[in-house]
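In the two complexes below, chain A is the common chain; its partner is chain B in one and chain C in the other.
== the complex of A and B ==
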């Protein structure tokens, strides 16, 4: 009987904790981070060259350098938290990270759940396919099996762009999506322009090529809704460190950083509208 | 910030979830049937008088039971195309599930067979039963009956394991749920409902399997 009561208590406790976590104010400010001396930053660890683990087991990539730059600017130690396409929004909203440096596409749907900072990078959404596949426009996708990272913003974009009835296969992350193309499980994949660097690195670059650009892909960091001070700080950071961000983009992506919009339909970068 | 629970987007997508649940049942049922057949063949090999056959069965069972299921699924789906065997996600899922569960089933069935005392087989022969009949009525059926509860829990475990094949894009229940999550960002609600559906499915499997057991093993023992 004692066990049952104890168990019931645990269950009730767990439920309460869930509700509490879901509803509590998880707000943080730059000052609080300075006081703690560290910032938990959500970064990708499987997206070369944006965020990945190098041979020595260290975090590397464009986002990592950006995150380090922010930490140095704040005067705190960065602690990297692994995010994936599937968990990045929950990891932010449930308070597991202080903010995200995620190379995440800005979309109006996501902007309803999290607060985007002003864009800091971009990355064309591109169709990659075997050289012999005849794909030059959206309508051509219908004749092929198309792979996509199903936790990404590419997936809804592909679903909209491809003709009705196109066979679309969703994979866990970017690495398995590229793997699906290389092992012939799909004819083409839709995703980042930088998949090309990954394909090239496998030594099989000759068999595949970029077919066409499906859409722009504007990427931004994100904080929790209501973390106004964090948002103001990061918006200021992105503006102040324009030159350094250009440099890092060129270093990792191998191209010049494009001009980035400061306004996008359905997205409020100031955190002030509708609150 | 206050989080308000909202299950409507999940229920709006019930068609996707139903399709996914059907695929999960489909993959599980086929792999169970094939796995049982291969498992019994493996048991026979494992207990065969010829040493190479025994060695093969032991090697296979150890290999399968000591490597993660996810690795096996990736190997078959992403690895085998390099050797010329390209299976689509559904085929790869069913093949891996079958290969995987046959090894576990073989071990379960073997313990059942070993519980049959040699005296019973001799008694069968003394009563004039033919060798196939001895194996059928005195070895196989009582052996399966003895281990039927373990077999059932293995089957349910296997059904739950199908959630892992979402990672090779097999469009089953977990895949459907992750799709909905990616569109709605309602992680709590999506995975809550997903868990509930799996719970219902396991209960249905348990009840179904125990009914089959009741019919097939309804003969008296004493």
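== the complex of A and C ==
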């Protein structure tokens, strides 16, 4: 455990370093993508049902459908590039992908290095626990062992929400986090509301329930800082395709898409504030 | 929508294993060629060549493989060189392998008794023939256990490619774990596949060792 934590720190450090070194000299525009006939889109494939691999080994999920919709609207072929939670930001800033359609939470820290597009989906951050655990608010978390996907946006939210001294255990990804709850290594986990689909599917849904919503998790696509034309295009896309996005959200997440904010503290969606 | 771990998932993992094997082979081939040159430079009579080879070995032995991969993959685009993911990985792994192999082979070359070189020289053999026909065949036998040990480590080291996003064996396992939500089954399978890749290496190595020793 200790070794992996140290290792993760090295990874995180190296990634931050590359992110800051990267310059904005890799600008692209929608017209250039049309000329090339394809767009390299960074998508995250380990986040069921947002993005996952289907039985034929193909990319599938909410984000994939959204990315295909963008490609069709642009009139280009989508080329999917599988990113991970750790490398998605450097993949964008160093030009390995043209833009990101990941299930990535908008945060003010991330907004300093990449340019977020207007939010296109949200995902309530939820506490899942055994039915008999008495958890209804943040203060109750202190009495239990809580698991979380380390490196995800849920981790800092949990650290803020939980009382001092709460025992928090980090896991590699969503699958191992849910597994930790089901195998009894932790009493509760904090993460996506879509964990519920997973827990139901294991056939043990009766023993676990959603306790309460910790925070909103607003998700957005991202482009490189300074790619103003890409940003304007995608902002316009998100606004124009409201109905289609609603439909896709209902199809994959099984609920209605919530009303999404167009302003968030510390995040500039217009790309104009800092320039 | 969530699946159980079955045949399609196994196929996906084996498809990832293909990349693990390809990366290992390429890294060993290119790393081996480069490593041999560096080992020869390290044992040569020319002082600057020895010094440069020493720096090279220290650089690649003293920095983590992960950082080397990051620098090749994310660093080169900053100075304007876009590299394909697999190309960056093979370059990074080859450089890494060359540093380690150079040092293993440097030791083996120096372990061949000095008398062998002197005798070869007395027979009037030039540098190339002396190395090719006298020193390196003996050094090869000495280096075999350490070389194979490093190869096995290299195969497992390719798992770092997962962090850069290549869907190799480990990453394929992660992706399947996140759709089947059966991490135990998935990672046990991944472990077995790594074992199946590494086992022939060690078997061939011990056979080769026996044969060479019997001859020697």
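Here is the rule we use: the second predicted complex is superposed on the first by the 252 of 275 C-alpha atoms of A that agree within 3 Å, B and C clash if a C-alpha of one lies under 4 Å from a C-alpha of the other, contacts with A are read in each partner's own complex, and residues count from 1 in each chain.
As a working rule, a residue touches a chain if its C-beta (ideal position, glycine included) is under 8 Å from a C-beta of that chain, and two chains touch if they have at least 3 such contacts.
This is a predicted model, so every value here is computed, not measured.
Engineer: Report for A:224: first if it touches chain B alone, second if chain C alone, otherwise both or neither.
Structural biologist: The first partner, chain B, only.
Engineer: Considering only touches as defined above, state whether A:49 meets chain B (first), chain C (second), both or neither.
Structural biologist: Touch partner of A:49: chain C, not chain B.
Engineer: Check whether chain B or chain C contacts more residues of chain A in the superposed model.
Structural biologist: Counting contacted residues of chain A, the larger count belongs to C.
Engineer: Now for A:57: first (chain B), second (chain C), both, or neither, which partner does it touch?
Structural biologist: Only chain C is touched by A:57; chain B is not.
Engineer: Is A:81 touching anything from chain B or chain C once the two structures are fitted on A? First, second, both or neither.
Structural biologist: second
Engineer: Tell me the contact category for A:26 with respect to chain B and chain C: first, second, both or neither.
Structural biologist: So A:26 meets both chain B and chain C here.
Engineer: Answer with first, second, both or neither: which of chain B and chain C does A:151 touch in the superposed model?
Structural biologist: A:151 sits against chain B, while chain C stays out of touch.
Engineer: Using the touch definition from the top, say if A:72 reaches chain B (first), chain C (second), both or neither.
Structural biologist: Neither chain B nor chain C is touched by A:72.
Engineer: Does chain B (first) or chain C (second) touch A:110, or do both, or does neither?
Structural biologist: So A:110 only meets chain B here.
Engineer: Look at A:96 in the shared chain and tell me whether it touches chain B only, chain C only, both, or neither; answer first, second, both or neither.
Structural biologist: second
Engineer: Just to be sure I follow: which residues of chain A are touched by chain B in one complex and then by chain C in the other one?
Structural biologist: Of chain A, residues 18, 22-23, 25-26, 86, 90, 172, 176, 179 contact chain B in one complex and chain C in the other.
Engineer: Spell out the residues on chain C that touch chain A in their complex, using ranges where they run on.
Structural biologist: Spelled out, the residues of chain C in touch with chain A are 1-3, 8, 11-12, 15, 64, 66-67, 70, 73-75, 77-78, 80, 82, 85, 162-165, 167, 171, 174-181, 183-184.
Engineer: Which bits of chain A are touching chain B when the two form their complex?
Structural biologist: My answer: residues 18, 22-23, 25-27, 85-86, 89-90, 93, 109-110, 113, 147, 150-152, 155-156, 169-172, 176, 179-180, 183-185, 224-226.
Engineer: Considering only the defined contacts, which chain A positions touch chain C in the complex?
Structural biologist: So the residues of chain A in touch with chain C come to 10-11, 14-15, 18, 21-23, 25-26, 45-49, 52-53, 55-57, 81-84, 86-87, 90-91, 94-96, 172-176, 178-179, 197-198, 201-202.
Engineer: Considering the complex alone, what residue numbers of chain B touch chain A?
Structural biologist: So the residues of chain B touching chain A come out as 1-3, 5, 77-79, 81-82, 86, 88-89, 166-169, 175, 178-179, 181-183, 185, 187-188.
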